[in-house]
Amino acid sequence: MDKVYSSVEAAIEDVFDGAIIAFGGFFSAGRPAALTLALSKRGVKNLTVVVQQVGTGNEEMLELVVNGQIKRAVCNYPFPRSASKGARHPFEQAVRKGEIGLEIYPIGTFVEKLRCAGAGIPAFYTAAGAGTVVAEGKEVRVFNGIEYLLELALPVDFAFVHAWKGDHEGNLVYRFTAQNYNNAMAMAAKVTIAEVETLVETGGLNPNFIHTPGIFVKRVVETGKPELSGFSLGGI
Amino acid sequence: MDKVYSSVEAAIEDVFDGAIIAFGGFFSAGRPAALTLALSKRGVKNLTVVVQQVGTGNEEMLELVVNGQIKRAVCNYPFPRSASKGARHPFEQAVRKGEIGLEIYPIGTFVEKLRCAGAGIPAFYTAAGAGTVVAEGKEVRVFNGIEYLLELALPVDFAFVHAWKGDHEGNLVYRFTAQNYNNAMAMAAKVTIAEVETLVETGGLNPNFIHTPGIFVKRVVETGKPELSGFSLGGI
Amino acid sequence: MSKIMKITLPGMPPLEREMIALRIANMLEDGAYVNLGIGIPTLVSNWIEGRDIIIQSEIGMLKCGPLAEEGEIDQDRINASCQFVRDMPGTSYFNVETSFAMIRGGCMDVAVLGALQVSARGDLAGWNTPARGLGKRGNIGGSMDLAVGAKKVIVAMEHFTTNGEPKILTECSYPLTAKACVDVIVTNYALIEVTAKGLVLREAIPGVSAEEVQKMTAAPLIVAEDFHEMEL
Amino acid sequence: MSKIMKITLPGMPPLEREMIALRIANMLEDGAYVNLGIGIPTLVSNWIEGRDIIIQSEIGMLKCGPLAEEGEIDQDRINASCQFVRDMPGTSYFNVETSFAMIRGGCMDVAVLGALQVSARGDLAGWNTPARGLGKRGNIGGSMDLAVGAKKVIVAMEHFTTNGEPKILTECSYPLTAKACVDVIVTNYALIEVTAKGLVLREAIPGVSAEEVQKMTAAPLIVAEDFHEMEL
């Protein structure tokens, strides 16, 4: 069972127009930079992207915006923090113009929707967002006197994840806070494509400390360490 | 923040009559043998135990049965596999006599109820058990044409867990399949008490590979490696 | 339907449990992730050594190896049947919540499960033997999650109970594990597929005709166009 | 209520942001697990070095250390504000689903959050500035989970907006983060507790009277029996 692909281009060859794609990464950490750039070159359109935010620390995502490849985004912290940066930000401007539709969830809901999609749980209840605009159009239910919202699982067609090390069977290990959304997204996707900094032989990872078991990963491609995002140096 | 207790007796001193206690372990692997024996000596009564099963591989649990300490059990594979073993089994006999009430869930539901209790999710939907006796009295709901059951979170007062290594702040690492239910139970409990085979200094575990972060653990006690369960040698 | 009973046939004796397992092993495709239940299903692992098939054990182990030899016993390395096992290059360990996320989430290409009864619609009853007298209480374990979660459910069982009662029925009389979940049934006499039209008899062991399988089966069988002798 | 406005007081100038953070740091108990939001809350970490307080960062880090120095920068070790941080003995890393299980599950003893507005009932509005013109869209991030999940929510904010508008109101006019979630508000003028009876003014900075705080606050304040000068 060898899941290794020779290039990012080959690994994403079947990504189609209209696909729903989840991208790992929390700002700069653990973002699938190489896969994202390959996607911008491939040029498929009408994509739904599921990602913390678009273009802050993960500047590669801006290529997709500029190319007009994104139809809809599902985010939890979509905009630059400062309004002045937002005014110069291609994603925020595309949202303002209505070129990109935007759906927003609290982080906990966002990530649990992904995990549930991977875990065969079609829906769950959470208190986050009750009594706010997040509750609009959602079922509200009271358990033990507290209001909760019904939130649905969020399955995706593809997940692009970034790992520190991976083996030929798709077992993945992340490094520090680069772990973040990558595991939940790997679980949620029909096809998970992992870019790994270092590819190791099967058996080269400690079986007791695998962050994402290979069963959740369909393809592996070695891409090396991403460059430090220029943005990261500033913080948000 | 030093969570280390000098003995299992001290670590369970406040366990009260009527408490709901979850016990880690899948048959013999990862069972909190020392804490369980201490509980049988302490002698509190009317306990609800949440555990895979009582007394097969985790023979220490039988002490609680024989002492009449258990009022109710929540299990997923409660009985010896063979009817003849069951006829000699104190737990099965106590259930037959009505001395112990028994609630049964599919494993996936059992463990997810615990995780949800720890994750602030009061309820979730699962297809496991739909159309079976497990569905009795439960809300059934259709998502995408498939029937699911509403299952509620299962919070517990105490969790007794067993880990390979633990540090003074409660960070835990399990070994191989001894991991099993221990993490979900640690999440679900108000007070999680971890018996660890080896206590290490804080900083002595690799921060990238902690199975249960210390925030889920209130007390740590070093107990060494449990003896091999005589049962285990036979398999079920 | 008239009384169904175990009959003595002139040809080959019914399959041994190991041979039922072999027939199933031969149905598994390379690259498959497979969960094996307790009983005959466990024996499938004896027939796939060296093949590119990954066994998941619901205790929290992927790429579960063969049973451990005497000197390799480690109490922290057991399968879901509490048997000591070995690991392999590529094995991973994880917690039960992750294990059942995989199972319910559709990652299992195949679950091979034992059964007490299977109905004409593919209902599975496998966790509760009413004769044991425990009412609605029994060992559910991972069976309900596997039955609803696996992409394909193969039942491995003997055609009759030890008392000679048929196990393939129009309706199950025992408490169900899940409704309409079984895809294929392999018994010691036959291989039967569950389809929208009903049970399709695809194979019988050498020396047993389609008519004889029907006589032993308490649900109507459609004989497949390519019905043939089971090969092992 | 008449127009509320920022007034110039003869005494000490209003607190600097760092001093708001210090007042909050002094409220935290040893042994607490604490999450710090963006803005003034982040500054609390400067005042707890050496104390037995564990900071969680929602990106997936427990016992998050101070900001990294130049030579310690590691792109894989950032906090939820995308700042490079250090680890400490006892640090652990985990995924975001686990991080928010902790947050929603009640493991945070305290969340210190910034706010745009807080109501008399403790409603919090902190994620959406209508003036930015993005409608119902904004940076929710982890704020809603923290507001509902933490055992205690402390708001750290200035008493007025940069335009001199009051931020403590009878009702919030901005989109809410969560209802009735705030326990304590610490501003550059006062420390106010949210109780079932209403907002209780417990402390004001030196030179500022309870009456003056009320004049600056667009919601009625109950003056605590032990109302006193804020100590830092």
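Residue numbering begins at 1 within each chain, and the chains themselves are lettered A, B, C and D in the order written.
In this text, a residue touches a chain if its C-beta (ideal position, glycine included) is under 8 Å from a C-beta of that chain, and two chains touch if they have at least 3 such contacts.
It should be emphasised that the depicted structure is a prediction, and the values quoted were computed from it without experimental measurement.
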Partner chains that chain B and chain D have in common: A
Is the number of contacting C-beta pairs greater for A-C or for A-D? A-D
Could you state the distance in Å from the CA-based centre of chain A to that of chain C? 37
Chain A-chain B separation of Cα centroids, rounded to whole Å: 34
Taking the mean of the C-alpha atoms as each chain's centre, how many Å separate chain A from chain D? 29
Cα centroid separation between chain C and chain D, in whole Å? 57
Residues of chain D touching 2+ other chains? 87, 93-94, 100, 103-104, 148-149
Going by the contact rule already set, what residues in chain A reach two or more other chains? 108, 112, 115, 119-121, 126-127, 174-176, 207-208
Could you classify the connectivity of these chains, where an edge means two chains touch, as line, ring, star, complete or other? other
Contact pairs between chains, per stated definition: A-B, A-C, A-D, B-C, B-D
Residues of chain A defined as touching chain B within the complex: 108, 112, 116, 119-127, 141, 143-144, 146, 148, 152, 173-176, 206-209
Can you list the residues on chain A that touch chain D in the complex? 26-30, 53, 56-57, 76-79, 81, 83, 86, 92, 95-96, 102, 104-109, 111-112, 114-115, 126-134, 136, 164, 174-184, 211, 226, 228-229, 231-232, 235-236
Show which residues of chain B lie in contact with chain D when the two form their complex. 1, 115, 117-121, 167-169, 171, 187, 201-203, 207-208, 210, 213-216
In their complex, what parts of chain C are in touch with chain A? 31, 33, 52, 54, 56, 62-63, 87-94, 98, 100-107, 148-149
Show which residues of chain C lie in contact with chain B when the two form their complex. 38, 57-61, 73-84, 87, 93-97, 100, 103-104, 129, 132-134, 136-145, 148-149, 175-179
